[in-house]
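After this come two complexes, each holding subunit A, first together with subunit B and then together with subunit C.
Moving on, here comes the complex of A and B:
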């Protein structure tokens, strides 16, 4: 398995290199000058030119790219074009909030999606399935921003059960932090779990026809044994795969949810950067997200291999 | 001669599957017995109902199938009168099923140790890991699996085909069943492993266990069976000891099956005889004798009406009988 991980990481290096080229060109192809935008009507051409020179934007593109890339290798994400601050500490400061929301969101995705899919698949065609399957379809068709707004209106404004937005670090006030996490995490759970539920339902329903399930019955095993050791343990396998697949959607959903709930995470920083045309910030952030994506994907593969003995990495 | 009660005795067993309003009979009005310590071969082509018949003895026909029988007596109990939980107690402990594709019948995510011992846990309530492990190791030694301790920790897909089949047999044997239904247990194996598994089954039989050996391979029947039941189109068409049936097959279908075997000695024939046509489907069994559309005897006799209109009624009191209006005739 260690060899597999090393091999994978070796493949990742050229991949990331190609990504930096694409990112750099893509961001620079966006029309509009960030400095002129930042200064607005006060920006005389002289002032704009001065700040551009100060941030190194007047250098040739290749040189700019090279200095960005050499920074990345040492963990230096560069300097924000707008504020002039170092990007690395800004991003690091945002990561805990994002991770907290990601894991809370994943928790709800699994909490809702797995049992719903498992029960619907186990009793395919039964009354539970006939409720859950349309519910999953409805869930799939609800956009995150709409579900989020609805939750804010009902749970936050009307019932006043939960605060409508904001963030408190877990170590500062655990209770308040959890209360604040619940709604945005629930939005991720509600919008992303239907896909998982459908996958788990399909694979669980298929299991019922597997020869090893039939054979388990001919061996007179207790119904509980068949459920736990045969159905459940095999139904869990697709969960890891689906979560690896859904990671991109999860990060995309994060962008909307962080914005909606005023959550100071990495995704919201990305929006702020994009709005202000902060090239370097956007470039560097997407790069960081890509690295996180690759790492988590690798992690899901390792978890999958540890759950399914047939998979050897 | 002293009358010994057979282990299982089945009278007028029918397995029906409802299909669009009507009922399709995969197994139709079948009667037979299996004695203690006997290997009975159940021979037939694909879709002849032989596997369904095997499953129906455990009352395990896939839904919505239904099993009906005038009598289904197993070891002094009436199988058709038992409820699901009583049947569960018989399945796996008194009647075991071993099938062709051992790997497909094993839980891919649990080790050999877990697979083998879960029947012991569920049937006997044994909880001690040490006891379970010892039982599993013994069961694997009984089926002559090498490197027992290593293989107990392995997962099914890590074993070779022959080892998988041995583990499957060990699973079926660990509770000491009285009857094993072996559904083509050697078909997927190569010839040397096949021979080893067959000799293992013979040893199991010598230990007093009865075996119903479901197969389409007459050569293996000749090798290990004591008696043979030939199935065609949901019915048993010929029954007798292996010696009788192989020496003097009475049903044209059995004669055809035997003629399609390669002879062991002498020059190989220029061409092998095969039974012409396709086996009929359960939803459209032919009338009268179900074999008549493919029967060379029927054709050579000028297609007599009786084969088309009347079910042959064999004399089942004899040890060797065939369900054919012209039993015993025909070209050898």
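Moving on, here comes the complex of A and C:
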């Protein structure tokens, strides 16, 4: 097990390093002068030069890369192109909101996706499957902004059950915080659970023909016992894999949902940076998001490997 | 990716490249599509959406850019089936006119990434060795950035326009194509018929395109359908975030920003424009799903 983890880590480190090179080149691939572009008609050459020097963009490329990289290692993400503020504290302030939404979203993804996939797979071809499978395909085709808009209009505007957007920290007002989390998390659940449902369905349906299930059946075990003891346990495996696989989509969904519900998270910061063309902020945020993505992927792989010893081979 | 373990799994859980006993996957024929319920339904929906795009390029019920085609914020009625917006523009006309932009962006993104990804995948898979390791690593890095985040990053570099969105999406989709092509090539590279062609003195280019490429084709077609659905969704998403095609020129993405601004005054705008996106994506998804089933009947569709 330890060897497996070390092996995976050995792949991650060069991957991250290459990613920093790519992202560094990204900022320098900006056509024209990003600072002149940012300042527009107000940008006198002196002002441009002053900001350039202030943000450290006038140093040799290698030196710039080195200082960015050594900053990253110590957790310093550099400064914003526009405001000149340190990025790290801004990002850290946004992390609790983002995590709250991510976990609430994952909760709904599993709550909807797992039972639906398991039941459809267990009774493959049955009436439930014939309702759930097309429903999953429709769910897969619905953009998060559309589902979110519908929920806002119905639950927020018509019925007035939930606020239409905003964020309150959990420790400030737990009840209001949960009320505000529900709709955006539900959007993530509705739009992302079909992936999980389809995977769980396929693997559960395949399980029915596995020798150990057939053997359990011939031993005369009750269907309920077989389900509990063998089917359910094995059906949980793909959940871990799908969470790793669909993480990119979850992050993409989160970008949309944070924007739609005015959720002050990291993803919304990325959009704010993109709209204002703050390349340095966007660069650092892409790095942070990619690191989170890679780390969670690594974790799901390790969990998967600990659940299923075959993977370690 | 057999030799080099990949870090990040692909975006499509259903689409894992499987080596079929014949060396290539089953062929996609018109007959197979017509006789596959989902594929057929998807093909019809896709055809309708494409037709809307073509018709919308030449004719719309009202001029999509003209103000006061009707009263502002008029709810759906016979004259304006999806209502009108803040300037009294007919939304159906705008959805029809926007279809071409969205479909062209998506088609451009798929076409570009198909070509780039196929070239990368063929090179990596056929040449092997150092080239393979290098290209595989690049693919891994690119897939380590969530798709929409990468697209946003690239759109930020360029000015917000249909072309920028296309370029950004090519940069996102290419790697998935490359990965699929590479693993298919690796799977068939040492098959007897490829070795035979080599023995007969065929050139490398000829082997790649005449002997290896045809066996990759069916899997690629499925991926094209999947990516086309992503393209429509992503163009709309980037537009919704305000970084794609800018209003007033209509695209499904730009219509959605306007929809968000006037959510309370004209809810039919986001609902209607969004519903068209859903139908388009659903059609392409159905088609892709059906094609996957036809190519690889064991992939676990409802029919098997």
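Note that the second predicted complex is superposed on the first by the 295 of 313 C-alpha atoms of A that agree within 3 Å, B and C clash if a C-alpha of one lies under 4 Å from a C-alpha of the other, contacts with A are read in each partner's own complex, and residues count from 1 in each chain.
The working rule: contacts are C-beta pairs under 8 Å (C-beta built on N, C-alpha and C of every residue); 3 or more make two chains touch, one makes a residue touch a chain.
If you're wondering where the values come from, they're calculated on a predicted model, not measured in any experiment.
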When the two structures are laid over each other on subunit A, do subunit B and subunit C clash or fit? fit
Should A:272 be classified as contacting the first partner (subunit B), the second (subunit C), both, or neither? neither
On the superposed three-chain arrangement, identify whether subunit B or subunit C touches more subunit A residues. C
Considering only touches as defined above, state whether A:309 meets subunit B (first), subunit C (second), both or neither. first
I'd like to know which partner A:76 touches here: subunit B for first, subunit C for second, both or neither. neither
A:244 in the overlay: touching subunit B, subunit C, both, or neither? Say first, second, both or neither. second
Touch check for A:19: first (subunit B), second (subunit C), both, or neither? second
Superposed model, angle subtended at subunit A by subunit C and subunit B (C-alpha, nearest 10 degrees): 80
With both complexes overlaid on chain A, does A:234 touch subunit B (first), subunit C (second), both or neither? first
Rounded to a whole Å, what is the shortest Cα gap between subunit B and subunit C in the overlaid structures? 16
Can you list the residues on subunit A that touch subunit B in the complex? 210-212, 214-222, 225, 229-230, 233-234, 237, 307-310
In the complex, the residues of subunit A that touch subunit C are 11-12, 14-15, 18-19, 22, 26, 29-31, 124-125, 129-130, 133, 137-138, 140-146, 149-150, 152-153, 157, 195, 198-199, 201-202, 205-206, 241-242, 244-249, 251-252, 255-256, 259-260, 270-271, 273-275, 277, 279, 282-283, 286, 289-290, 293-294, 297-298
In the complex, subunit C residues that touch subunit A: 5, 7-11, 13-14, 38, 137, 140-141, 144-150, 152-153, 155-158, 229, 233, 236-237, 240-243, 256, 259-260, 263-264, 267, 270-271, 274-275, 277-278, 281-282, 285-286, 289, 300, 302
Of all residues in subunit B, those that touch subunit A in their complex: 55, 58, 60, 62, 87-93, 96-97, 99, 101, 104-111, 114, 118-119, 121-123, 155, 157-158, 171-172
